[in-house]
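You will see chain A twice below: alongside chain B first, and alongside chain C after that.
Moving on, here comes the complex of A and B:
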């Protein structure tokens, strides 16, 4: 008889956790980001291609976890890269993740204020959201994994409902001409879309929680497959329902799409409120990951300080950072660059580590 | 010591609970249902002459306004709705709705005015219809007033937008027997119209916004208020460059348009044969476009319309058992379909200068290279649409001619 082990992530849990980590704020602006670059409805190709790239990265991530089972990332990096390189790298990661945390809470506050809370000051909205995240991060790391597993089915179900109801509003004429985008725009589109898959890397930091298994790389890839499918479906619905030019010119096309959708012949008119609540769960989990990884990185750099003091130090910094942008334009720009910074700094890590691993092994066998 | 500490911890927890309760209840934005004024319809008219704003003095720093609008909002009166329900017909004193009008230069300004006058804060998310009077729609700065309807976050993209013949506010007063609210009534007749061939149904604010962004001309439904009921007349056509109303497409013209665009549902057309009439009931129509000459300056396009239908009435006493007779009727029907389509094409090209038939949309999808060359000046400047030669080919087939062969 197998006993369910609460303290470890089983390989079969991984796809949902990866999917949950990847789906976050970026989904709200994704159709706009892509259509702005491609200027055509070909964006679904962009999403598919970036998905494939991310699936490959996921495989490499998995390889690293398989080679170093149940080890903290900081241990692995210190062993392979040396103490100082690891410290500098992880300090940067800590800052990047803190920045990302700030972006997420500010964006959520902006969104909530725009569509729901007219009078509540944004400072309060952001603060309350941040408090909930801090509460979650203060707990056990395995609990974060479990909460992801708990939320993602809800999120996927709500998305499925919205997509189902929006299906009848899609006008396929909005999709011509197909294959009109040349490769240069496609590449730029892919580079712009990859940060939307940033969350896929998160699992690397929680490798010490995963139960050793050769299945891990494959399971990570499955997670990204789910997300690629979700993104593609959302993009198609968005452009189909709103039209290309409206997608380009809306701040949050995904919410605008949800606003247009009526369920049961107009009986449920304001479906976006349900979607928004569920969205909050998705955004919440990615913000939790951001703050937790930031804490984890800082902890591994300055090992004398324990977790809680770090949380209490980092989260106000994040909050103040979140309050800096003055208007929606600055927020959106900031969120774009934060995503890119995260992608550029963190995605190479599994490759660097695998390379170092290989070199080291070769040296060991030859020397 | 430990006791003190435990006590202190308890106090801290209490403070947190109270602070949390204050923050988490969300009192800031509470909106009691009794305090919400559900706005279901908006009608925008020009303000009466004489109240037009004076040309701003050099000295005054007041923002300059071009036009003053009179806007009517239809608020639901829930008490009145209940009463109607109970008495089975609007016999009570309370009206289920309340039209409140105010004047101003911008929409938001007017909304602020009316919220100072109503007991309930206006709430737009259940809006059913927006109406503009024809003179508002025809004015050069019509697109300015549309901004509010796409920018304001409470607006929904599938709200129907209509142009009213005459005063727009009067449409919000029409309540046919058995119906409570005028604005939802408008939406209902639009839904019923969906089966008709005489209407183009692109009239949602979201679609119009998309067309404006894409630089396309667009249409809105054209409505007229009667004493007991409102009537949809056809479509108001808006130009692609200045986005104001340039004309009306109604009756046969819309039928022709729908035949060309392949959006014809069902309908009966009168066919003239041997100086007499017959009714050709179309139940299936499709169209296809082919580009004969793709050079932008001599653009030649062929539109092929294929229809299928029945002869349901014939004033000519013909013997349908002869194949030649059927052929004759088919030819006559094709001729009539061609006349309808041609009439619309002429109207669009020569009078409206607006590509209501969707030719540009077709080219942009199927011939992106050609579209790149003509896109900028399709409906304006060099006007490639107007100068294009559109050839119409029609094929009508008759599937059935009723239950008799001949009448006498």
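Moving on, here comes the complex of A and C:
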């Protein structure tokens, strides 16, 4: 029997959870994605603008949670959109998230192989990581929230250390020319960057765990503000340290940047290992969210099966999916498209639901 | 008596009959076993008076010879019409050979003084009470605790007598709201177990649940606190202790004031504290006595040391076996130099030395104190030195092992330090197979386990996550005492305010 009530996420915990959910895979590839499109150091504008868009989306998400406190997303959607529409939508979401889970574990394996293990087969590295994720997902949902809260300070602290040490390596000449990007490239850049904020939507699926409070929208927005600041800082440091050309052409520019950086008078010369360790924490939480939401969606579509069988069914599927791509190029491409698929399919949901809520209420007052 | 819940079953004033007063005090204190209420006839045909005292806090010799005997053998004559107040004055002035006594008129004062070990003298017909200074408790055998030594702070530690232990707590916490629930555990050998808490701070539901759990224990006997601990803990699969044990009364008092409960068990100097989370195990009793900067620094140091004691040998294995590139190059050269000629791989080397260390530690405990130290010197210096000389292990390995062992001693709780030692070996195994990647996976698994573990419904990871921000003032850093105006939110105490800060602006 439990005595103390710790079953809910308090509003004050939300910013860290949202930030942790958003910081994920993209942190390593973000500078490359953006500079490729903008071809200039104006990427920071792209990040800021995408951040603002995401903050707006976060606000709408918060509004939905406030209007339907302590309700599962599937309940809300069924009430507003009908049973079948919800089932089809959620089935798609389940697959999209499973795909995303596969991307993440594969990327982790690839990176671990690239930077740590040349000889260990990637299948094993991915398997170990996937097992850790399964262990986490099979626990309590509220514990997933807590693990995010525990990791994000470590992630932010380590990033702060790396950024601090990289500061002296920044060559300001790398930033010119500024404001050279026209609005078309900016828009394309924004569309390419938005998937990096995908995690922001995650809180919608855990609305039933949050304590009802009018502060929720604001807290979600704060979370995205943190992430926007982190992304902008990383971008600026990356371009400043590596220069535009290297940023475009390296696979993981953030890690390349960390390689350049030295600390304690050159004694610690390999800060990228810290970055990789931290990145593993960040990516772990993303992967946990992906698998858990996939499970949650499938459970709401096929309600007879319980959580554990779904996890045991979905995770091997994700694992085999992760083994399909043959080279780094395919993986990066796949990860890009998986991010876009997630963004395109999920971001409209809060708007659709809020619209349906509006229409329903209007019909109720008029009819 | 602030903070008393409104379900109190006693009257807040004094009565003018002995019988009612005794009953009232008994109710107020929750009828503890050590409360003695006695009626005594004064002299041969005198009126009847009542004396009330807490047995374990009073000196029986004074009680018998100076109080009871004097009252019974007095030759004073009392007239039937004499007012009770006059009789009381006569007793005070002419009968009782007690140096320090005092007239009091309120129940509050009576109870507070009772808890200090004084004796209350009641008489029918008056609301006046005479308090006699009769304190005296068993002090023999109270020594400094062996497992939780401090440089600054009280030196007393619990002993094997539950009554004395209770008195030690009462001595430090003279609050009438300090309640005890006594019960007996064990089918064959019935041991006295007491739950101790402060009414008005600790959550009633929690005390009820604790009571239920202890009553559910079915064993032949309770030889030590560990038996109770293992019966009432939430998960036996976790490597972490889920109930804290301590030998220090001041630690118990500080826990009680934060809305936690203590479980005293007769026959052991270890008192259990619940509920507990990870953060409690890193707090030393000293933290509240030192100034805030030094205690913050020491606490930070302990966290770092705990990390070292789990991860350092694993890190050594990972760096030496897999990721030479990650070692700063100058350091890599010197390590490579010292490892030259060492035939064993780092994994075997590390396991061997860690096992040796554990063996030495275990052997040191079994031996009498002076020989124990010898073993430490023989083990640490002679074996280490010889192993290096023989070329079996590298000097760096000796440094790692020594640092790990010393780090694990900085953790204030023995049981928690022991679980860290246990975890160290599994992290080493992970590092041996997967290097840094394995260490990170281990760290993640550990965090997942901690967030999933609940103790009486409180997440083990609190107040780190979920963050009860008020508690962060005394988590890794310890803020100045004047800023700690709220009790720990963790246990959701009924009375959250420790003191009110006066706003001068």
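Following the convention adopted for this analysis, the second predicted complex is superposed on the first by the 362 of 367 C-alpha atoms of A that agree within 3 Å, B and C clash if a C-alpha of one lies under 4 Å from a C-alpha of the other, contacts with A are read in each partner's own complex, and residues count from 1 in each chain.
As a convention for this text, a contact is a pair of C-beta atoms (placed from the backbone, for glycine too) under 8 Å apart; a residue touches a chain by one contact, two chains touch by 3 or more.
From a predicted model like this one, the values you see are computed outputs, not experimental measurements.
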_Which of chain B and chain C A:249 touches, first, second, both or neither_ = first
*asked:* Looking at A:128, would you say it contacts chain B, chain C, both, or neither? Reply first, second, both or neither.
replied: both
*Which partner does A:117 contact after superposing on A: first (chain B), second (chain C), both, neither?*
both
*Touched partner set for A:140, first chain B, second chain C, both or neither*: second
*Mind telling me which of the two, chain B or chain C, contacts the most residues of chain A?*
C
*A:177 contacts which: chain B (first), chain C (second), both, neither?*
first
_Partner chain in contact with A:259 - chain B first, chain C second, else both or neither_ = first
*Classify the contacts of A:70 with the two partner chains as first (chain B alone), second (chain C alone), both, or neither.*
neither
*Once the shared chain is lined up, is A:328 touching chain B (first), chain C (second), both, or neither of them?*
neither
*asked:* Once chain A of both complexes is superposed, is A:280 in touch with chain B (first), chain C (second), both, or neither?
replied: second
_Intersection of chain A interface sets (partners chain B, chain C)_ = 116-117, 120, 128, 269-270
*What does chain A use to touch chain C in their complex?*
1-6, 9-10, 12-13, 16, 112, 116-117, 120, 125, 128-129, 132, 135-136, 139-140, 143-151, 267-270, 273, 277, 280-281, 284
*asked:* Please output the residues of chain A touching chain B within their complex, sorted ascending.
replied: 114-121, 124, 127-128, 173, 176-177, 180, 242-246, 248-249, 256, 259-260, 262, 269-270
_Complex contact set, residues of chain C against chain A_ = 203, 205-206, 209, 212, 275, 322-323, 325-326, 328-331, 434-438, 440-441, 444-445, 447-448, 451-452, 454, 456-459, 461-462, 464-467, 469, 491-492
*Would you pull the chain B residues touching chain A in the complex into a rising list?*
23-24, 26, 28-29, 125-126, 153, 156-158, 206-207, 209-210, 213-214, 361, 364-366, 368
